[in-house]
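In what follows, a structure is listed as structure tokens, so that the remarks can point back to it.
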């Protein structure tokens, strides 16, 4: 067991966790959060491949590392766009939900709003 | 010396990680932000200790982290206030 | 000389680690948010400060040393402002915590 | 060696713990705090994986700027939280999702545990041409020389995302300014920080850009730092967000990709074609491209965080 394997397993678990959260969470914002966790796990896989490919005096293969940097920036822009979509949905309908049926008036109105 | 610095970095990380329990327990959002702040400082300390072992570039990473942690903290307090 | 500087490093870094320990214990054990904020700032200021102090003999070159001190000052500035903002937001919430 | 491995194991467990919390937390605010902590820890993981460039990017963009976007959204969507409780999928659905997740985890874990031997690497190929480029940081060389098409297209993606965000504004606000994040007290601590931190941050940003040619750093990291400083000034209420119809602003947005593209097209004059640099002059060209790119990315990132226009344009 070396560090790369350890973080590789960690990344695999993150992908699993993120996938579960993306499917199960009802709130779109939480889905976005979970999806970012999933992305972090995928990036970690790249990092592990880069670390295993260490050669020529470098700590890691620079090609996967550069791809991760590009990936982080693209993930950010996708996140910003998704968040803007959810906020617009909220502005239009007063709700932020992906349910196809318009939900009946909330059962426990305001109860959960206190912190 | 490098082993000592790495071990201390691990210790500090462990400490701030225990502090993360406050994210779980709250009760106020202020408490959650505090533990994130402590994690930021601990992360900077760990990076600096890593830089002390001679690894290159970590000082710059710590510098960026210090700036961005400050920004994130401000954004958080600001949003928490607005609620 | 080298050994002496190493001893300084070990002592200062250990002292810094103790302050991180103290900050965490305070964050977990103190009864309300304002006292927890008090504990946090000790780790922020002194913990990081002592770590920086201890590392000064270990880095090579004046530029790296200067960068270390700059990072500490930056963390100080940000920590002071953020603590003040957190405290104010707590006061506005009416000390609910 | 064992101390280092213990550190790695602890760090990996921490990352997983914080990720679990981010998924499972009740209030969205708490989950977002968990996500920022996750980004911070991930930056440390990147350091342990000998990828300091990625660590810088993750710390700057992954947790800093993304955190700002998410937290502002969480604050606005707070009223919708209670009503979504009833929309949780049923037990069967959750079980299927859990099974699927475990399956994906097992597959990935298998790949991690039984890797190809010898591990594939492009490291030697990347290192072989570094002297020609005169760029000391291999990651920068990949981003701006070997795989510069990726980087160019990624800039286009950023621009498209910004156009997408802007187009979500109601028609009457088109061309107007994004909402102020929140008017702050002019005499408060935040206003002080908004005056003191940005000058330091701009110096650090320029430094990170400059050092990126020889050591970890580069355009994205510098741009994220600059964007954060700009946003700080806006949050502190010292400057309003600019109107999005301003021609100077729009020119700034496209300047980086345009210069990059122009240099790429100029490459057709050389034997290697698109996006090739003249031998011996690669480094100054790369740094020039990066400088313009940094400005454009900083403005794009800042405006992505600020969100769609929310005020009518002023005559």
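Just so it is clear, A, B, C and D label the chains in written order, and each chain counts residues from 1 on its own.
Simple rule for what comes next: a contact is a pair of C-beta atoms (placed from the backbone, for glycine too) under 8 Å apart; a residue touches a chain by one contact, two chains touch by 3 or more.
Remember, predicted model here, so these are calculated numbers, not experimental data.
Q: When the contacting C-beta pairs are counted for B-D and for A-D, which pair yields the higher total?
A: If we tally the C-beta pairs in contact for B-D and A-D, the bigger total goes to A-D.
Q: If every chain is reduced to the average of its C-alpha atoms, which one ends up farthest from chain D?
A: So the farthest one, by centre of C-alpha atoms, is C.
Q: Could you put a whole-Å number on the gap between the CA centroids of chain B and chain D?
A: 19
Q: What is the distance in Å between the mean C-alpha positions of chain A and chain C?
A: 31
Q: Return the distance between the CA-based centres of chain B and chain C, expressed in whole Å.
A: Centre-to-centre distance between chain B and chain C: 10 Å.
Q: Give me the residue numbers in chain B that touch at least two other chains, ranges are fine.
A: Chain B, residues with two or more chain partners: 27-29, 33, 35, 60, 63, 67, 69-70, 74, 78, 80-81, 83.
Q: List, in ascending order, every residue of chain C touching at least 2 other chains.
A: Expected reply: 74, 77-78, 81, 85, 96.
Q: Taking each residue of chain D in turn, which ones touch at least two of the other chains?
A: Each of 4, 53, 65, 74, 78, 190, 193, 197, 200 in chain D touches at least two other chains.
Q: Where on chain B is chain D touching in the complex?
A: Its residues touching chain D are 3, 6-7, 9-10, 13-14, 17, 20, 23-24, 26, 29, 32-33, 35-36, 39-40, 43, 46-47, 50, 55-58, 60-61, 63-65, 67-72, 74-76, 78-83.
Q: Could you list, by residue number, the parts of chain A that touch chain D in their complex?
A: Per the stated touch rule, the residues are 1-21, 23-27, 29-30, 32-34, 36-37, 40, 43-45, 47-63, 65-70, 72-81, 83-88, 90, 95-97, 99, 103, 106-113, 115.
Q: Given the complex with chain D, which residues does chain C contribute to the contact?
A: It comes out as residues 74, 77-78, 80-81, 84-85, 88.
Q: Spell out the residues on chain C that touch chain B in their complex, using ranges where they run on.
A: Going by the criterion above, the answer is residues 6, 9-10, 13-14, 16-17, 20-21, 23-24, 27-28, 33, 36-37, 40, 43-44, 47-48, 51-52, 55, 58-59, 64, 67-68, 70-71, 74-75, 77-79, 81-82, 85-86, 89-90, 92-93, 96-97.
Q: Which residues of chain D touch chain B in their complex?
A: Listed in rising order, the residues are 3-4, 6-7, 10-11, 14, 17-18, 21, 25, 29-30, 33-34, 36-37, 40-41, 43-44, 47, 52-53, 55-56, 59-60, 63-65, 67-68, 71-72, 74-75, 78, 181-182, 184, 190, 193, 197, 200-201, 204, 207-208, 211, 215-217, 221, 224-225, 228-229, 231-232, 235.
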